[in-house]
Structure formats: C-alpha cells, structure tokens
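Both complexes below contain subunit A, partnered by subunit B and then by subunit C.
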Partner chain A sequence: MTALLEITDLSVDYGEGAGSTHAVNHVSFTLEHGEFVGLVGESGSGKSTLGFAVTGLSKPPARVVGGSILLDGVDIASLSQADLREQRHGGIAMVLQSGMNALNPVRSIRNHFVDIFRAHGHVARGDWASRAAELVGKVELPASVLDRYPGELSGGMRQRVSIALALSLEPKLMVFDEPTTALDVLVQHAVMDTIIELQKKENFTALLISHDLGIVLESAQRVLVMHEGEIVEDAPSRQILEKPSDDYTKMLLSHYADPRAEVVELPGFEDRHRTPAAAHPPTVSSRTRRQDQKAIVVDHVSKVYPAPRRGEPQVTAVDDVSFTLEPGQSLALVGASGSGKSTLAKLITAVEKPSSGSVRFGDLDVGSLRRGQFRRLHRDVQMVFQDPYAALNPLHTVEYTLTRPVVNFTGLKGLDARRRVLELLDTVGLSPVEEFAAKLPHQLSGGQRQRVVIARALASNPQVIIADEPVSMLDVSLRAGVLALLEDLREQWGVSLLYITHDLLSARVVTDNIMVLNGGRVVEHGNTAEVLRNPSDEYTIRLLDAIPNPGRRDVA
Partner chain B sequence: MTSVTIAPGSADVSAAPRITGSGRGRAWAYVARKAGLLLLTLWAAITLNFILPRLMPGSPADAALAKLAQNGPVSDATKAAIEAQLGVPTGNILEQYVAYLHQVVTLDFGVSYTFYPQSVSELVSTALPYTLVLVGVVTIIAFVLGTLLGVLAAWKRGTWLDTLPTLAGSFASAFPYFWTALLLLFFAGYVGRLFPTSGAYGPTATPAFTIGFLGDAIYHAALPALTILITSLGGWILGMRNTMISTIGDDYVTFAEANGLKPRTVALRYAARNAILPNLTSFGLALGGVVGGSILVERVFGYPGIGYLLFNAVTNQDYPLMQALFLMITVSVLIANFLVDILYGVLDPRTRR
Partner chain C sequence: MSTQSIPPSTRAVRAIEEASIAPAPSPLKVVLRVASTVWSNGKARIGIVILGLFILVAIFAPLLAPYGARQNGFDRSADASAAHWLGTTAAGEDVLSQLIWGSQISIFVGLVAGLLSTVIAVLVGLSWGYVRGFGADVINFIVNLFLVIPGLPLMIVIAAYLSGGGIGMIIVVVVITGWAWGARVLRSQTQSLRSRDFVTAAVFSGERPFRIVFREILPNMTSLIVGNFFGAATAAILAEAGLEYLGLGDTTVVSWGTMLFWAQNSNALLTGQWALLFAPGLCIALLATSLTLINFGVDGISNPRLREGKQR
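And now, the complex of A and B:
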C-alpha cells in the first residue's frame, strides 16, 4: 500500500531575495493511512509553517519554494486554487491553533455547517440538519449548540465545534495545529481524549502539531521532532521516549518529569528533598539584610462579584480562604482557570477589595488602603505577569522600563539609578548589561522579556513577588531558566514567592508549600512534595492526571 | 492507567456560560435599553438647548436696543415695540421651561428675524425635503458604493482593483468640498453647460409631486450631489478596505478557506460581514449629519436646503432659526445613532447580550 501523504524535499521561505529566511528546510516524511503522527517543535521551529504548507494554506510572505506534497499521488503544491478548494472535501482538513477564534462571530454554528455542505454539495439539502447534529454529537456536544453563536460557547466547546466542522469534510488527513494550547488544563485533556477517540473511530490519518512533547507522546504512534526548519528525529513514540537519538529531542525530554515522583529533577534543578522542617533556613547574609521582613496574612477572605446578568446568581470567586506567606517562603497557588487564583492575587495586591475577611501585610491592612498608602504596599509586593509580550511597552527601551520604578520607589537619580538598572539586569542574568539596557522589547526573546519583567518587579527591592503563570507562554527550554531565576532570588535575597500556576510540575520544583483551589475554595494545602505525592482531594487528582505525561501511553 | 477518569467532554461542557432568557426576549430588552438611552439623551439635549442661551448675558432685545442707542436716545415706545417683537422672558425659570417644552413638542419655534414674518417651522419644513433628498440619498449611495469598492479592493489586494479606487478615493477626498464644487460648477456648469449652476428647480417650475418637477429637481441636484459623492466616497472605500484587510487575517477566514468554502462566501459572509460592523458607526454619524445639510455645497450652488438656511441664520444672527436648527441637528444625530445601534443588534449577536 502506498503512503497517504508523501512529502519530499519540501522548503518554505519567508520573503524573497536576500532578506528571505528558510522556515522549512528540505523536509521529507511520509504518513501512512490511519496513522496518528505528532510533529513537535518549539516556537520558530517551522512546524506551523509546515502545517500550513501541507494543507495548501500558505500565505505571503510564506512561499513553498521547492519539493512536493503528494496526497494519494496528487501534488498539492501544484494544484490551482480552484482544484485545491475542491479537494478539501475528502482530502486534507485542518484545525487551527487558536480554534477559539476560528469561528465567524456573526454566524450561528448551524450556518457554519451549512456553508461547508453548500460549498461541496456532499450532503443532500434535506439531510443538513441531521448531519450537523450527528457531527456535533461526535465531538460530544448537544445538538442545541447548532443554534448558538460562537460568543455564547466556552473555549473548549468552540474548539470541539471546529473539530466537528473539519470532520464534516470527511477528510483522509486531519492536521491539528496546537488544538488545545489556549485551553484550560482539564478541558485540554478532555478535548485531546475526544481527538484520540475520533481518530480511532473515523479512521482518518492525523498529524498533531504541538510544542508539548508530553501531549504528543501521549497520543501519537510516531513523532517527528522539528528544530530550526528541519526534522531532526522521526521515530515511533516508544523509541523517542526510551532511546532518543537526537540531542534536541533529549533536551526536550529532559524538561518532563512526573510531579508525583519521589525525586523530581529538571535541568537547572537538582532535587532538593523539600520537607516542611528543613524548608530552606535563610542564609546569614539574607537574614541580616532582611530583618524587617513581614508576612502576608490572608484571613478568611471571600470575594463576591455581582451577577453578570440579571436573574443569575452572584459569582463567588474566592470563598473563605486563609493562609500565611512567611518571609522567604514560597507557596504555589494551583487551580484550573476560574478557580479564583488570579482573583486572590488581585486581593493581595489591592487591585480588588475583599468582600469579607482581611488581607494584611505586616501592619498594613491591604483591604482598606487609602490613596497614598498603595505605594507602601507596592514597594514591597510586586507582580510578574503571565504574558511577557504584553507586559512591556514596545516603545520603551529596557533601560527606560527599569529606570522608572527605580526612580519612583528608591529615589535614586541619574548615575546611581543607571547603576541600579544595570545591577538589576545582571541579577536576572541579562548580560552584557549595557547591551540589553539599550534594547527594545521586540529585539528580545520571550524568555528575555520575562527576565526584564522580573527585573522590573525587583526594582523596588520587594519582599514578596507574586508570579502569575510566569512561564506558561514560554517554550519548554526557556522555562527552566526563568524558574531557576525565581528560585535564586528567594535563596539569595530572601524574597518570598507566591507562585500562581496550573502547572504542577513547575510548582513542585520551585515551591515549598502548595494550596489547591477549586471554585474559590481551598481543597488542599500542605507541603508541595507531600501533597502531590499523596493527593487527597479528587480535584487535585484530576489536575495531576491532566498533565501530559510522556510515559502514560506506555503504562496504559 | 490507574487514575480517576474524566468523562470526555464533561469538563468543558459544564463550563459553558449559562444562557438565560429566550432570544426574542433578549432582543426586546436590548431595544428597550437603547430606546431608554435615546429618550434620556434627547431630554438632555433639549434641556441644554434651553439652558445655554440663558447663560449668555443680556437678551436679543437688549442687543437690538444697544445697537439703536448708538444712534441717539431710544424712546420708551420703541423700546416696548422691540421688546414685544423679540420677546422678553416672563415668569420664573420653571414656567419658562414648561412653556419651552410645550413649544418644542408642538414644533413652535417662533418667528424668524430674517424672513419675518415667516415662522421658523415653515422655513425649516420648506428647506428640509431638499436637504434630506440631496444629502441623504447621496450619503447612502456613497456608503453602499464605497463599501462595495472597499470590499473588492481588500479582497483583490495589490491588484489594480485595489490601487485604483484607493488612490483615486484618497485623492478626491483630499480636496475641500467647496473646491470640488467650484471646479464642477465651472466646468460642468459654465463651460460645458451640462447642468444648471444654481437653485433646486428651474425658474418656471412650481414645487409639486409631478414627474416634470421631480425630473427638473434631480437635474438641478446633479452637481451638488456629485460634489458630495466625490468628496465622501474615498473615506468609505478606505475605511472598508482597511477593516476588511484586518478581518481577512482573522482565524475564522483562514479556517473558512481551509474548509474549502467558495471564495465568494469567504469574502462576503466571513470577511466583509465582520469588517462592516465598525463602519456602521461612522455611517450613523454621517446619517445624523445629513439634516445639518452640507453648508458649503448648498452655499456654492445656491441650493435652498437646511445648510443654506443655517448659513443665513448665522450671518443674520437669527436666533430663533438658529436655535431650532441646532436642536434639529442634535436630535437627528441622536436618532440616527439609535437606529445604528438597533442595526448593530441585528447584525452582531455579541451586542445583544
């Protein structure tokens, strides 16, 4: 039997002439009928560009400059636009990266199906309604979603709808480009399960493009690892897991571990055997430096928001939460989206006021600060945000971004302020410091930007850093570096850390204690290693199970 | 696998937003909310129109008397006559307000100074149809035509269908109204003798709903209409083209292409359909502005519409006429915005929530 898809020597360039770059560089691989294959790589590896080329969706400035893409012997790259459109029924379908935005906001779900049926004429008019209902049923949605508009559905439901739409084309090959990336962990898990089951039942060939080796290894039989435009490894999943041959694959694999394991080691993090008793006694230097350290005391705090629409109940985002963050301690705040962890961060930074209970920082009652007192709080409690791409003003140099808080909070001026800025850059590991000081955000990588954001948070010499998903937008290989930086800050400067995340593995390596939130309530609280190794709450267990685990398919 | 299994799909289905109320009920609630807002702003505008003149020192009668006093002493009889003619407020402010509201509701805005003894409402109702037809129809034509050309330009980006209308449009709209008007007047009017150069109808015609008169009126409206079309078309083309180029880059357009929809469907129902939404707001403002007429165009062509009337009112300090016209312009902008809001509700399901 011949292969379904045969890609030979494919190259895709961005731009033309001297300024062009090779995004995909002489790539060759084949997909057999009914296979489930993963394509893994970090941002900029060319994996999405490859996906778009395979589906005939490359748009300028991307250009296919060489090679062939044979689907059942027909070269996709040489088809005319009209022929390409025709082959989309019964050919290649694609589910896009941000599936949440893949639906036309002003068209009902039903009309999305109708548009496809009408374009290809493969479903008789009388069967439109039943076929559409059947298709949404396949992705485990009720037929009632057909009369909804995309804005009325959750992210997971929208992604399911786009899968059903792609399925309606009766494709031989489905390309999934990061199908679950923007979704919440639990939803992500459920959608992946649906994709895996569908692939078995409907018997299409699947190409799953993802940055997450864990997700890919869990679902795919074979994995292609892509790095800088080239496929560096093409091997069955088991072999990738057990005997990876390429260094890049090995590096990617090294960033996965089971947070439930007795010993968890990541690159840059030797195992520390955290126990409550031995939780990092501060070193002598940091103790002398920080004699006035204060704890954050959250005491029976609730936050209730008014009903979003009339006739609906009010929303309790945080429900009777109490904890203390001691100086120099690190605490992970874990939960799926909507669990109230970000609201809690807002309460601690006085962005929101608690509906009941109190938040205290030393002698400061955070919940009832008056104008002018915020400065005192914000000098000592600083935030690091999730999205390093949005957290920096693109028009300001790094030096300007850092000088402002230095001048505002420490009163240093002129040369002293500049010296402090360079010192901060050195602290977060951006050297040569002078060179980085002069750069604009777009000249920095994601990891470098996040380091600038951390340096900005450090400018006021804070006692507490609240990091809200600081690494979730970064490539796996960059995560460890940023996490290690946060850890160093705590050990060397005695900064306490409130680490908000849904990623239990990173929580395991950077925090002493953990608190699991569900629906605004604390469902589990204790030493991080102990809680993750012996979870008692069902929700914690579900979160742990939702973590992509390269070895899971193996176990099952 | 030794773990608690999650029923596939359960996690995200339960996380879906609850949808309350029937679609129709929500639609009416939306209309009612917008109508309430309209009434509130209407009341505020009418009240401001009452308060503002009263914040100015003196009264029209004082101003007229001061002018007369420059030429010598004014007799008591003259003073009484002028006060009677121009009116002096009587009663306290509340009574005045009630009387004013009554006048607004009955469309009684007093007598024009300039066109004495014609009443303001008479003048306005004569001028209004000309402006409504001329500026209104042209604004709608310009919007529809400009939007279509913009869609075409964006869809065929980089081809002559894009560059030609885009360049010509920005070129034409860069001209000031009156300059285009003068050029047309000179070449198509005086030199070419293709169209009449002034007025809304010929000297022999009498306004009536007859084929002959309407033909004559359209013939006279040609040059001013062309002026407005030429100068406003470019804006609509560019506006639509630019928003559509951004929607073409949106994921739902890429996904529609990936699903093999017909290019026409993708262009119109996906890209253009979403791109037109922000442009509706500008269209609403333009529609509201129709009633204000187009002062410069009507002035250049001696066209007896609202713009021309407003020009006369301002140059002659005809306060009653001005006040009535300003109020009318404000009210029509508000109503046009209300209509656009309703249209938005129909076209964009997200606003109905």
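And now, the complex of A and C:
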C-alpha cells in the first residue's frame, strides 16, 4: 500500500533574500492511510507553516522553496488554485484553531453547509438537508443546530460545526491545527474525544498539529516532534513516552506530570512536600523588612452583572465567596472559564465593585475606593496579566514602562529611578539590564515580556501579587521559568500570591492552598496537595480528568 | 477611512517577530518607515504629487503668476490668448494669475482649519472615550447636537452672523461645524483601546487619567488622527469654497471660491467663458482628491492588510 501523503525534503521560507527566515527546513515524512499522526512543537517551530504548506494554503510571505508534497502520487505544489479547489473534495480538509470564528455570523449553520454543497455539487439538491443533519450528527450535535446562527452557539459547538464542515467533502486527510487550543479546558477534552472517535469511525487520515504534547500523545498513534523547522523525532506514541531519543522531546516531556501524584517535580521545582504545617513561611529577613503586613479579606462577596439582553436572567459571576489571603501565603483560584475567577481578581483590585459583601485590604475598604484613590491600593496590590503581548504598550520602551510605577509609587526621580528600574530587571532575570531597558516590547519573546510585566508589578514593592493565568500564553519550556520566578519572589520578598489558573499542575507546584470555583461558588478549598490528591467535589475531579496526560493510556 | 488597528497576534507572526530581534528603531527611522509605507501605495503617491504641486504653486505664486491677483485693466471677458492663457474676468483681471494666487487661500484654510478641528476632535474624543458617567453624557449631548444639525445650513447661519470676518471667520465656521465627526470616531477607538490590558496596567502603575489618555492611548491611534486630519482638511477646503461661492466670505479676497462667485455673478457660462468656472472648480476638486488619495496610504500604516501590491 502506498502512502497517502509523501513529503520529501520540503522547505518553506518567510520573505526573500537576505532577510528570509527558514520556517520549515528540509522536512520529510509520510502519512499512511487511516493513520492518526500528531505534530508537536512550540511556537515558532514551523508546525503551522508546515500544515498550511501541506494543505496548499501557504500565503505570501511564506513560500515553498524546495521539496515536494505528494498526495496520492499527485504533487500539490504543481496544482493551480482552481485544481486545488477541486482537490478539496475527497482530498485534504483543514480545521483551524480559530475555525470557530470563521463562521459567518449572519448566516445560519445550514447555509454554511449549503454553500459547500453548491460549490462542489457532490450532493444532490434533494439530499442537502439529510446530509447536513448527518454531518452534524457525526460531531455529536443535534440536527436543530442547523437553524441556529453562529452567535447562538458556544465555542465548543462552533468548533464542532467547523469540523463537520471540513468532513462534508469526505476528505482523505484532515489537518487539525490546534483545534482545541482556544477552548475551555473541559470543552477541550470533549472535542478531542469527538475527533478521536470520528477518526476511528470514518477512517480518514488525521494530522493533529498542537503545542501540547499531552493532547497529542493521548490521541495520536505516531508523533512527529518539530523544533526550529526540523523534525527531530518521528516515532510511535508509546516509544516517545517511554524512551524518547531526542533531547528536545525529553525536555517537552519533563514538563508533564500528574497533579494527583504524591510527588510532583517539574524542571526548576523540586517537590516540597507541602503540608499545612511545613508550608514555607517567608524568610525572617523579609518579615522584619516589612512593618505592617496586611491580609486581604474577602467577606461574603457577590458580583451580579445586569442581564446581557432584555428578558434574560442576570448573570451571577461571583456568588457569596469568602476567604482570607494571609501575608506571605500563596493561594490558587482554579476553575474553568466562566467560573468567576477573573471577576474575583477584578473585585480585589478595585477594577469592579462588589454587588454585596466587602473586600478589605488591611483597613482599606477596596469596594468603596474611588478612582482617585486607586494609588493607595495599587501601592500594595499589583497584578500580573494573562497576555504579555497585550499588557505592554507596544510604543513604550521597557525602561519607560518600568519607570512610571517607580516614579509614581516610590517618589524616586532621575538617576535613582533608573537605578531602581535596572535593579528590577535584574530581579526578574533580564540581563544585561541596560540592553533590555532600551528594548521595545516587540523585540522581546513572550517569556521576556512576561518578566517585564512581573517587574512592573514589583516596582511599587507590593505586598500582594495577583497573577491571572500568568503562563497560559507561554510555551511549555518558558512556563517553568516564569513560575519559578514568582515562587522565588514570594519566598524572598514575602509577597503573598493569588494565583488564578485553570492549570492544576502549575497550581500544585506554586501554591500552598487552593480554592476551586464553579459557577461563582467555592466548591472546594484546602491545602493544594491534599485537595488535588483526594478531590471530593465532582467538579474538581472533572477538571483533573480534563488535563491531558501522556501517561493516561497506560492507566486506562 | 476609519480603520481599526488589528494586532498581529497569530503565533506565526509572533514567531517571525521573535526570530528577527532588531535594534530599537530611532524616531527618524520610524518617520521614514511611515513615509515609505504611505509612498508605497500607488493612490497615495498620486495624491502626494498633486498636493506637492499645489503647495509649490502656492509658495511660489509671486514668481509664477504673470500678473497681480487684483490687477485689472485688461480687456474685459476676453477669451484665452497668449497674454492671458485662461482669458480675463468680467472685471478685466487675468484668470490664470487669480488661479495661482487663489491657491494660497485654499491650501491655507484647508491646513489650518483641518489642523484646528483635528486638535479639538482629539481633545474631545479622547477624554470623552475615557471618562464614564455623567461627564460622558454631557459631551455626548453636545457632540450629537453638532452632528445632527445639517452642516451647510449651520455654516451659512454662523457665517451670516459673523459676516464680514474674512478668512479668519471662515476658518472658525469650518472648525465649529467640522470637529464633531472626528471626535466621534476617535472616541470609539479610545473606548476600544481603554479596555486593553496595557491601559489597565497603567492604572496599576499609578498613572493619572490625563497621562493614560495622552501617553498610553493617543500614540496608538496616530494613523487614525492623521487620517482624520486629511479628512478634515478636505472638508474644510470644500466648505471654504462653498461659503465663498455663496458670497458669505470676503468677496474682495481672491480665492477659488470667490472666483466661482464672481464667475457666476457675471454669467460666465452664458458668455462662453467656461474656463472661469471650470479652472477653479477643477483645482478645488483636484486638491480635495489628492488629500483623499493620501488617506488611502495612511490607512495602510495601522492596518497592514490594506497595504497594496504586497498580497499574492
């Protein structure tokens, strides 16, 4: 049996001439009929570029500069745009990360299917309705969604619709480019299950592109690991899991662990056998350095947003939550999206006001602060944002960004302020400091940007840092570094940390205590290791189950 | 012409950014890059050339014009001849000379009124977009008032009220009637930018609202403001010509608008002197077109997808 897809010596460049970047570098691999293959790599590894090249969707500035892509013995590169359109029927289909946003909001789901049927004419007009219903049935949606509009469906449902649309042309090869990355953790798990089931039933060949080795190992039979434009490892999943040969694969694997395990070790984190008694207290020196450590007290707080549309019920984002964040403590707030964890962060930082209950920081009533009084709170309570690409003004240098809070909160000026800025850069591990101070955000990598964001949060020498998903936008290999930095700061500076995340593994390694939120309510709280090892609430168990775990297949 | 800047946020783009870490660009380089972006757009290039020619003519009017603007005593209503390329007016003035001198007024009014209404639009639009509550409602009411009243009638009423003020009066009238639209556009963009993380982060850095608006938000909408300026300048040139054509300006000043006014008064078309109406009309249209064309290129600065000739 000949291979379905045969890629030989493929190279893709961005740009031309001296300034060009080799995104894909002499890559060769084959896909057999009916195989489920994963393609793993971090951002910038060229995996999406490769995916686009395979589907013939490469757009300038990307150019295929060498090699061949044979689908059933036909070279894709030699096909014209018109032939390529024909080819899509019974050929290659692609599901994109943002596929769920590719649906036209003013047309019903049915119209989307009809468009494809009409363009390709492969389904008789009389069978349109039944075929569309059959397709949405395959992705486990009821036929009634056909008359809905994309805006009425959830993200997971829309992604399922886009998978069904891709299926409508009976492709031999389906390319999934990060199909679940933009979805909520729990939904992610369900959509992945559907994809795996589908592949078994329909027997198409699947290429799953993902940054998450856990997801790929869980679903694919064979895994290609991509690093800096080259495929560094090509082996069956089990072999990758048990005896990876390439150092890069080993590094990726080392960042996965089961948060339920007795001992959790990640690079940069030795397990500290957390128990309530042995939780690391801030070092004595930092205790004495601070005169008045204050706790954040959240007392029966609720936040109700008005109804989004007339006739709909109000939205209760946070429902009667109480907790205390003691000085030097680290607390994880976990939950799926919509659980109210980010709203809680906004209430604590006075970005929003509680509908009932109170938030106090020392003797400061946070809920009643007026705009002009924010400085009093932000001197001590600072925030690390989720998206380092959005949290820095693209037009300001790192030095300007860091100088402002230094000037505003510490009153230092001129050279003193500059010295403090350089000191901060050194603290977050960005050296040479002078060089980094002069850079603009776009000249920094994601991890470096997040360090700048952390440095800015430290500028006022705060007592509390609220970190809202600080690593979810970063590559696996960068996450450990940022988390270790937060951890060090807590221990050395005696800063208390409120760590908001959906990622239970990172919560396990950086926090002492945990609170699990569901629908705005606290469903479980306690010592992090204990809660994760012996979860009592069903929601916590579901969250734990949703974590992609390379080793799970052995468990099952 | 209003564009929303689309942040390059896909992983692929980020990968490229990270791959090519360049030294920090100097301000001069940024200006050059912006200029070359505008210049790379074919339409904008035509616009820049036309605008450049008009500006050169305005500056060098004393050298270029064969006669003075108000110099009369030539044959009245003469047809085109070697001495008078575009003929003469009913008052015996040289049309070509008037056209050349008149360009000064149109360009001056366009640039000054465009600049002033942009400044007002920026001040009002940005603070309006940033404040919430009662203050925003008050500004909303005032801006809506200016938007809802038809422009030309309002201009005529104000111009009649301030009659006899000359060019200064015309600039005031154009600015009063022209700022509201820009303020509305800039307010929308401010509202969209104010919810960005880096603005929230600035609040956490202890920044005062004034500084957040003008140091964090304003620089991120430069291209929109520049676009607004060219739009406002176009509107100002057309409004100035319109008001003067209606005889509401100082009719003794020579501008393209007053040329049209006098041409109409002397029934130039009936006497077969089409150049009297046609030449200033064409100049007004060309100048307004050139500014609009430049705006196509300005759009490309903030939105790379609109850059032409780089796709496919």
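Observations on the structure shown:
Simple rule for what comes next: the second predicted complex is superposed on the first by the 553 of 556 C-alpha atoms of A that agree within 3 Å, B and C clash if a C-alpha of one lies under 4 Å from a C-alpha of the other, contacts with A are read in each partner's own complex, and residues count from 1 in each chain.
Everything that follows uses one rule, which is that a residue touches a chain if its C-beta (ideal position, glycine included) is under 8 Å from a C-beta of that chain, and two chains touch if they have at least 3 such contacts.
Given the structure is predicted, the values throughout are model-derived calculations rather than measurements.
Subunit B and subunit C, once both complexes are superposed via subunit A, clash. With both structures placed on the common chain, the touch criterion links A:102 to subunit B but leaves subunit C unconnected.
Of the two partner chains, neither subunit B nor subunit C is touched by A:138.
Once chain A of one complex is fitted onto chain A of the other, the partner contacts of A:119 are limited to subunit B, with no touch recorded for subunit C. Of the two partner chains placed around the shared chain by superposition, subunit B is the only one that A:160 touches, whereas subunit C remains out of contact. When both complexes are overlaid on chain A, the residue A:33 reaches neither subunit B nor subunit C. When both complexes are overlaid on chain A, the residue A:418 reaches neither subunit B nor subunit C.
Touch counts on subunit A: comparing subunit C and subunit B, the chain ahead is B. In the overlay built on the shared chain, the residue A:457 is in contact with subunit C alone; subunit B does not reach it. In the superposition on chain A, none of the residues of subunit A is touched both by subunit B in one structure and by subunit C in the other. Across the interface of their complex, subunit A is touched by residues 7, 9, 11-12, 14-22, 24-25, 196-198, 200-207, 209, 216, 219-220, 310-312 of subunit C.
Partner subunit C is touched in their complex by these residues of subunit A: 14, 19, 21, 23, 43-46, 48-49, 59-60, 349, 351, 371, 374-375, 378-379, 382-383, 385-387, 389-397, 401, 404-405, 408-409, 438-440, 442-446, 453, 456-457, 459-460. Those residues of subunit A lying in contact with subunit B across their complex are 55, 57, 81, 85-89, 93-94, 96-99, 101-108, 115-116, 118-120, 139-142, 148-149, 151-157, 160, 162, 165-166, 169, 183-184, 186-187, 189-191, 193-194, 197, 309, 311-312, 338, 538, 541-542, 544-546, 552, 555-556.
Note for the complex: subunit B touches subunit A at residues 1, 3-4, 6, 8-13, 15-21, 250-252, 254-263, 265, 269-270, 273-274, 277, 347-350, 353.
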